[in-house]
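Paired with chain B in one complex and with chain C in the other, chain A is shared by the two complexes that follow.
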Partner chain A sequence: MLGLGADLLWADMNRLLAFLFHQGVLDEQFLQLQQLQDETSPNFVSEVVNIYFHESEKLLRNLRALLMEKEFSDYKKMGIHLNQFMGSSSSIGAKRVRNVCVAFRAATEQNNRAGCLRALEMLEHEYCYLKNKLHELFQIEQQRALAAGVRYPVQN
Partner chain B sequence: MAQVSSFEKVQYQFPEKIRVLVVDNNPTDLDFIKQICNLCNYEVSTCTESTQALNLVLERKDCIDLILIEVHMPTMNGYEFLYRASKEIDVPVIVMSLDHSNYTVTRAVQLGACDFWVKPLRYYQFKNMWTHVLRKSLKENNIQTKDYVGSLEDGERSRKRGKDNSEFGSSSVVRDQSNSSSKEAEESKHRVSSMKKPRVVWIAELHSKFVNAVKKLGLHQAVPKRIVEEMNVPGLTRENVASHLQKYRDYLKRKSEMKETQTQEHTEMQLPNMVPGTTESRSIRTLADPSVYGAQPPSNANVSVGAMQQSLIHQQMMISGNPASSVSRNIDYAQSSNPNPLGFLQIHDGNTLNQYTATEASISQQLQNSSLTSGAASSVSPYAYGSTSPILSLSLGLPNTSATGLSNQNSSTDVVDNTKNEDH
Partner chain C sequence: MESKKQWNEGANSSISMVNYMIDDKETKISALIVDDDAIIRKIHKTMLERLFNIEAKTVRDGKEAVDLCRSGENFDIIFMDKEMPIMDGHEATKHLRAMGVKSIIVGITTRADGKDKEEFLASGSNHCFEKPLDQAKVEKVLQEHGNFSI
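What follows is the complex of A and B.
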């Protein structure tokens, strides 16, 4: 019985990960992240991902603010934000988010405002989905860590 | 061994504790890089701005061994930093970016970058990063690279070898005789000139070349000069061959004498790997055992015995993990280490995930619908979350973009499909 809960949760976690890979939400760079986590830095993945979330939300807000301007014309600035978003997404392994950024960037290069708007919506959507799924993943991970540490009392 | 210890010092000092400065305005990347550097035991300092980094570099010129910098940054980009930093200090700079277009990379190299890394970054890149620092310090100190097959006196040949070996791809050939600080470089140069002439080590491969050359020429016609030509080993001198030939002749003579007297006791020319054609020796020879080369009558110059012992010691050291061989081991490992630690996803490497191209539009309907019902995009979910063939694509009403992304994504999901089945 010892740790059975942990095993089940581990299976859950793997299933979710497999699903996310299958969907193309994450790619193998995320696995690279997991490999960098060890006893000396046991929360590395969640730390980096939280930095990513924090930064991404800032970038999304900036992008939306730029596009909502009446006299919007600063495509170049949007491109800069997007580059950063693209860079961090690829470092995390957020494949789908990154791909949306790529298309978004193409729209900015053509000064296509409508296209940018559509892309932004898609980006926000994609990002939310990723965030939810990763939160779910971390939750399972946390529960698993707890369960693995539980010692069942000896039955007399 | 003065040579060995200074090389040891260099080799063991290097992967550890090199001081890296990382400059990137992207906090996620910075954290990621910092973690990898910590795992590799580098001392890492970070900056989010080039100006900040420049100041740091100017202040502490001798405290940075290597700089890693992102190209595209808002206030001052990587190019400008490169340009300015290269004027002030001489430190290897590695440029990185998601953007790996030819123009970007070329410009970085033109401005003096010693390497260009494409994001997303991988652990193995960092593992090898210190080679840039090593290469620079070797060049700086004008190290005479010395094979164990060469000798110091042959200055011209070893200088030539030095040029060949400056590319730090070849493994066991670089032998460092001084270390990174210039003060000690002078000292060691001093030591070098007053040292005894280093011995040539006749490893099995070399010896077999020698034997083949002798056989080809015929034992009685085999003169050292012709043997050297025949062997065609860089750095091998006529003198080296001459002394080895003398020993070889002695050994052959003894062998034939043994055969004549029909004793079972074989004393053989001991080499770590068996000389081809000889029978296995019964006993294990110790290092200091002079009888390894056959019983030496006292009249035989003690010098030659000493020489053999010394070369045997060299051999033993080479085999049993002196810095030279461990360097080659390290580098081999590095070269063969799997860049993608996960075999089953290896196919992903090299597909267009990491390229700077747009994906092709294909879910046109849904997105066009969403554009008609302005703002209702959120209600239309372009992705069926439970779908089994997720192809990410966008239609933003863009003209033809590259189609590569699509097909590769197809194949990549297939791969994931196959391998992930095991998990269910």
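What follows is the complex of A and C.
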């Protein structure tokens, strides 16, 4: 039987997940990721998500750098970055980030620089929100594991 | 403790049926995941191995996939991303079919507008799905090709 602390943390985790689903931040793909986590790889989700954070920040930097160029015209390159962002976002269940990528890609296909700038700001905002909430989720998960007496390697 | 086979015999889910079919074979179903995204390679490989007992290899672009098959490697299923550097999924699929590769090829794309699907099917793929590749999509492929020889 888990200790009371672990039970409460489990409830906190489920509440936060339910909130993120209700807001459309995450979708069922995130639950599928959680199903792939077991005692042989207890940190599978956070490992995947940490790679996602690392790659996403690179993509966001590249997108901003492209848009800030004085003679900007490389919409094709932006589209390639966005496809990658969309693919990884949908694969971890980051629904709202993915949806912003779809709108952003539409703006690149219309060579709409103002639309691209607006979409980039929205994308950065959604990404930051997602990152903060997932960090919060992983912190609760870590605390719950400790309260339950499970020793998992700490993720940075 | 119940053996895996006994548990599978009593279960109704298609995943269990797939595992049951695989358990009775001498070899596992083999798959190749072709994607330039490390996250997707990791997720797809883990899903195929854990949920479906499929032996999965990964490569980063279409050219690597073509080279691997040319070197004599055989796969029952190839999960092929569309947009990749060096050689995209559509080109790689054409090359593989021209080489006589008989694997089930599943195109994976970020576009829902049908253009990618048309291209993939025209180049010789058996299926085309929008990302993410999830459990239900893999089940669909396995159910439709339940009789392929492994």
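In this text, the second predicted complex is superposed on the first by the 147 of 156 C-alpha atoms of A that agree within 3 Å, B and C clash if a C-alpha of one lies under 4 Å from a C-alpha of the other, contacts with A are read in each partner's own complex, and residues count from 1 in each chain.
Quick note on the criterion: a residue touches a chain if its C-beta (ideal position, glycine included) is under 8 Å from a C-beta of that chain, and two chains touch if they have at least 3 such contacts.
Predicted, not measured: the structure shown is a model, and the values here were computed from it.
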{"item": "First (chain B), second (chain C), both or neither touched by A:Leu36", "value": "both"}
{"item": "Partner chain in contact with A:Glu57 - chain B first, chain C second, else both or neither", "value": "neither"}
{"item": "First, second, both or neither for A:Asp74, with chain B first and chain C second", "value": "neither"}
{"item": "Comparing the two partners chain B and chain C, which touches a greater set of residues in chain A", "value": "B"}
{"item": "Contacts of A:Gly87 with chain B and chain C, given as first, second, both or neither", "value": "both"}
{"item": "Which superposed partner A:Asp7 touches (first chain B, second chain C, both, neither)", "value": "neither"}
{"item": "First (chain B), second (chain C), both or neither touched by A:His22", "value": "first"}
{"item": "Touching both chain C and chain B, counted on chain A across the two superposed complexes", "value": "29, 32-33, 35-36, 38, 41, 44, 47-48, 51-52, 55, 80, 83-84, 86-88, 90-93"}
{"item": "Interface residues, chain C side, partner chain A - complex", "value": "35-40, 42-43, 46-47, 50-51, 81, 83, 110, 131-135"}
{"item": "Partner chain A, residues of chain B touching it in the complex", "value": "25-29, 31-32, 35-36, 38-39, 70, 72, 74, 97-99, 119-123, 340-342, 345, 348, 353-354, 356-359, 361, 367, 370-371, 377-378, 382-383, 385, 387-388, 390-392, 394, 396-399, 401, 405, 409, 412-413, 416-417, 420, 423-424"}
{"item": "List of chain A residues in touch with chain C within their complex", "value": "29, 32-33, 35-36, 38, 41, 44, 47-48, 51-52, 55, 80, 83-84, 86-88, 90-93"}
{"item": "Residue ranges of chain A in contact with chain B within the complex", "value": "14-15, 18, 21-24, 27-29, 31-33, 35-36, 38, 40-41, 44, 47-48, 51-52, 54-55, 80, 83-84, 86-88, 90-93, 95-96, 99-100, 102-107, 110, 112, 114-115, 118-119, 121-122, 125, 129"}
